[in-house]
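This is the structure I have questions about; it appears just below.
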Amino acid sequence: MPDLSLEGVFPPIPTPFDANGSIAAEGLAGNLKYLGRFALAGYVVLGSNGEAAHLNGGETLSLLEQARMHIPSDRLMIVGTGRNSTKETVNLTFQAADLGADAALVLPPCYYRGLMTREVLVRHFRSVADASQIPVMVYNMPGCTGMDLDAETVLEVAEHPNVIGIKDSGGNVAKLAELRQYADPSFAILAGSAGFFLPALSVGAQGGVFALANIAPQPCIDIFNAYQKDDWAVARSLQLRMVRPNAAVTRKWGVPALKAAMDMLGLYGGAPRLPLFPLADEHRRELVEVFADAGIDLSANRKDNR
Amino acid sequence: MPDLSLEGVFPPIPTPFDANGSIAAEGLAGNLKYLGRFALAGYVVLGSNGEAAHLNGGETLSLLEQARMHIPSDRLMIVGTGRNSTKETVNLTFQAADLGADAALVLPPCYYRGLMTREVLVRHFRSVADASQIPVMVYNMPGCTGMDLDAETVLEVAEHPNVIGIKDSGGNVAKLAELRQYADPSFAILAGSAGFFLPALSVGAQGGVFALANIAPQPCIDIFNAYQKDDWAVARSLQLRMVRPNAAVTRKWGVPALKAAMDMLGLYGGAPRLPLFPLADEHRRELVEVFADAGIDLSANRKDNR
Amino acid sequence: MPDLSLEGVFPPIPTPFDANGSIAAEGLAGNLKYLGRFALAGYVVLGSNGEAAHLNGGETLSLLEQARMHIPSDRLMIVGTGRNSTKETVNLTFQAADLGADAALVLPPCYYRGLMTREVLVRHFRSVADASQIPVMVYNMPGCTGMDLDAETVLEVAEHPNVIGIKDSGGNVAKLAELRQYADPSFAILAGSAGFFLPALSVGAQGGVFALANIAPQPCIDIFNAYQKDDWAVARSLQLRMVRPNAAVTRKWGVPALKAAMDMLGLYGGAPRLPLFPLADEHRRELVEVFADAGIDLSANRKDNR
Amino acid sequence: MPDLSLEGVFPPIPTPFDANGSIAAEGLAGNLKYLGRFALAGYVVLGSNGEAAHLNGGETLSLLEQARMHIPSDRLMIVGTGRNSTKETVNLTFQAADLGADAALVLPPCYYRGLMTREVLVRHFRSVADASQIPVMVYNMPGCTGMDLDAETVLEVAEHPNVIGIKDSGGNVAKLAELRQYADPSFAILAGSAGFFLPALSVGAQGGVFALANIAPQPCIDIFNAYQKDDWAVARSLQLRMVRPNAAVTRKWGVPALKAAMDMLGLYGGAPRLPLFPLADEHRRELVEVFADAGIDLSANRKDNR
């Protein structure tokens, strides 16, 4: 198994849909081409921002195939493969590996949340890691699953040799610090939101996976680089500016806002799938303001990004 | 569209798996034959107890086909068809209708729960109801979705002519009363757990859908009949006895306990799919005791039920 | 110790304040005189509706003294005495007993909620019950404490001979059924909200303590009487009508709405204490409508109630 | 009004009780004398660790008087004065100011949490700040109040000239970053738990108030100093070590563990007030281990600290 470096910034790419609601192959290609200009460590495909929950089986595989085609082999493609059943998770992980995924990002099963004891969760993740030919990452996403994996659960899972890290979107940085202190140094910790990127780095995270990296990749990379160079004043200043733009395209308005911002930037955003609606006009105006306050101009409809 | 009576008791049937983890066709047939002896109003297929979350697309359709084969045409087959995407929900509802479903039971999309405003939810349910050739029921299941649909949302959805009722597992009977007072009298309210069946009936529910009806159908029917005859002392006494057995096969130990109890009764329970595990031995013993306290003997391994 | 019957309806009386923010003695007297015309089982003083949380030590005792003066000795006066410290709870219970309280209603300590294990809670309630010369009732109020006492905790506490019942405002009627089935028949269960009064009665509750009984005592009593006479159609019809008025003066707008409704009825409502504000004008208008829909006229400013 | 610097580390001192349960004056004096050896910025009296919720009115004032006697005038004494009623909060703030408090730390009212809209909370804090002769700090403590003040609420309150900062124990560092970006630079942000001290500093916090500073003041100060000198490797290493000791004396076992650790260090811990119990023996052993893992020896019963 190759040694995967999980250092740096990873955008979790949205899945673009065309006017008929089908996957927009050219939109995807264009977006990945744009992102390819930046020093990103890799990409997450089929994450929460990728509307994995809205795709059927065929679309899931087709998207992976297309994404891999446009992601250079020297950039990691991490693929969300978590399903409620262990078997389906294993199956999708196999398929993802076959289609060129470098690692699998596995959400905890959450439908029967009342029954998801630590023991059940640990056995699930270990079964997936046992079966997978590619390395596995834990994906803690309480905002979507309604379950927050605790440090003890993650540390038990992290002992498995095929588990290489976690994307944690919960924002509990004390937990990230605990993971850093007690997990093997090779276990990678990735901040799951740009809202706490620098705080996570301050306690030993290796990088981050966040929506904002799709539309403001350079500031996100700059935070990482400033931190690497111990230039804390710069890192802090950028981090503080990014909090509201990040909240706008995640907690507040989610994927519809992320896609709206991409459209404004001349990238391919398009409409999310129902039940999500395109961002309302009044929120578009607020979105432009929030980004303007942070020094990012969404109003220009910048064709040069295509 | 035929007028569907949703009065009475509906077991949400578990999906039986064989030793290889495939759907156990004969087990399903036997279980449905057993339930056919009782005065049940119909069945829910692919609900939470049916491990719908653990089945792939092919299994989903195959299960429906088999279930309809064994459910007489004078008994309703209500099918869980909720998915995170409106389109997938519509598609599965179509397929279920083609395979003989009498009504669709639709969970709210919950992955992007932070974005599921009343407006988004109402539009989702209305879109599904618009597209569906069979009547639609709302399925409120906060224990699994982490979202509790409020009265206002349900009342707005209930105005759609193709929405015929709700299964509510949340246990907020004040909300059920509010629905009963303000929804059209034809809108059916079904208690989603045997733990509050009589209280729900007391404020105008028409019936119930609950796991316990798979293993103790007669006491559940007896509660309903006693209530219909205004025999409250009998209804109350039965209701009080059913609370702990109900909790054991739902909130406390879930599907694994339901399947264990079925095995003990000589029905086909079998193992749940991973990540769920078969009920631990110590909990099996507790399960027997809880049911014994309620006057139900699980220890006999009753072959006469087959 | 006298045998206390906890059957029937108990209004938790608000604490009236005058224009200077002091306790309005005459307002209290008038309100109690008005309530005295109805077949109420007794009163709760210093409950959540009594703004116990807003009174200092001296006011607490003064209010009790005045309330007892106006509550006839054949009507129970139940007094809220729960504090975060066991010692302070015991002290206040003593003082309440000295001032004529018939029973103490004890909230669980909740400030250190993360440390309130079943063991800690049981020991707290037992210590208070041991020390108290008057009987003790458990007060489960998750909407204010953020903690929901589970059935096992309450059943352990209920074994104490000086613990005579519970007021449960959580609305989990399956829990009430479990308490009824496993607690001694002498242990009284009182619904803590009019929103689920009939459902609670249907599983064996003895009565209820709820805000609505201050402003609509007769319909509340009528629900109880209809239930006693097995007249379920009448009981249900009244219960359904009461759900929204009840929500308006509790969950939705709380004490400010209760006091506004009292003023409209010609009783003494007055302003709540800050940080609570008098009900806003637009909500007053909605309040009148909600009650009108339920057949209760708040618009007449009925002087005959004084 | 003097300019208060809120930079650095503030221990929230526990209230020591003697064998009779009274305030142990000498224990308090000894503890403060011990803490006086360290470069602490000041002290918080009557915070959550001070069991303010367990004291009566007289004890509250007596404790303040004694604390001020032993806190040198060049060290800040910040006093918890939040009550459920605005009036009582104002009154206690006055008394605290009279007894020498330098600032008041004000919890949001939380009993009527369902009614605590942003508007209500902002008016409450502004009323207190208007009335207070000493500066006011907001105290966000969701673990005890069950309410998490959002950034917008805090930013509105922060505009008041007599509001000088916040102690935030919620751990949402993205919110702290938002406060830092949008509040006036003079508004102080203090981390309310040692678990996220460095992450909070990384986004511009001025210091911290946390239980751990009572028993491990030097490592806490060292984190702050290392951060001030841009020595991130040292700061991180210390921060990672402090996470589990911090959790042990807060979230996990709370005040009982804090007091047990103080006893072990030769300080005056003593028993907490009921309903809290002294730390169980098995947890004492675990506590010693957790601190030993972090390089802090609790086993020596160090008399030299007295």
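Observations on the structure shown:
Every chain is named by a letter (A, B, C and D) in the order it is written, and numbering of its residues begins at 1.
Operating definition for what follows: a residue touches a chain if its C-beta (ideal position, glycine included) is under 8 Å from a C-beta of that chain, and two chains touch if they have at least 3 such contacts.
Quick caveat, the model's predicted, so the values are computed rather than measured.
Of all chains in the assembly, none touches chain A and also chain D. Think of each touching pair as a link: the shortest run of links from chain B to chain D has 2 of them. At the chain C-chain D interface, residue numbers used by both copies make up over half of all numbers present, so the two copies contact each other through mostly the same positions.
With each centre defined as the average position of its C-alpha atoms, the distance from chain A to chain B rounds to 35 Å.
If you average the CA atoms of chain A and of chain C, the two centres end up 49 Å from each other. Those residues of chain D in touch with two or more other chains do not exist in this structure. Taken as a graph of touching chains, this assembly is arranged as a ring, one closed cycle with exactly two partners per chain.
Pairs of chains meeting the touch criterion: A-B, A-D, B-C, C-D. Against chain D, in their complex, chain A makes its touches with residues 171-174, 177-178, 180-181, 193, 195-196, 198-204, 230, 232, 235-236, 239-241, 243-244, 246-247. The touching residues of chain D, when paired with chain C in their complex, are 21, 48, 53-57, 84-88, 91, 109-116, 120-121, 123-124, 127, 143-146, 251, 253-256, 273-277.
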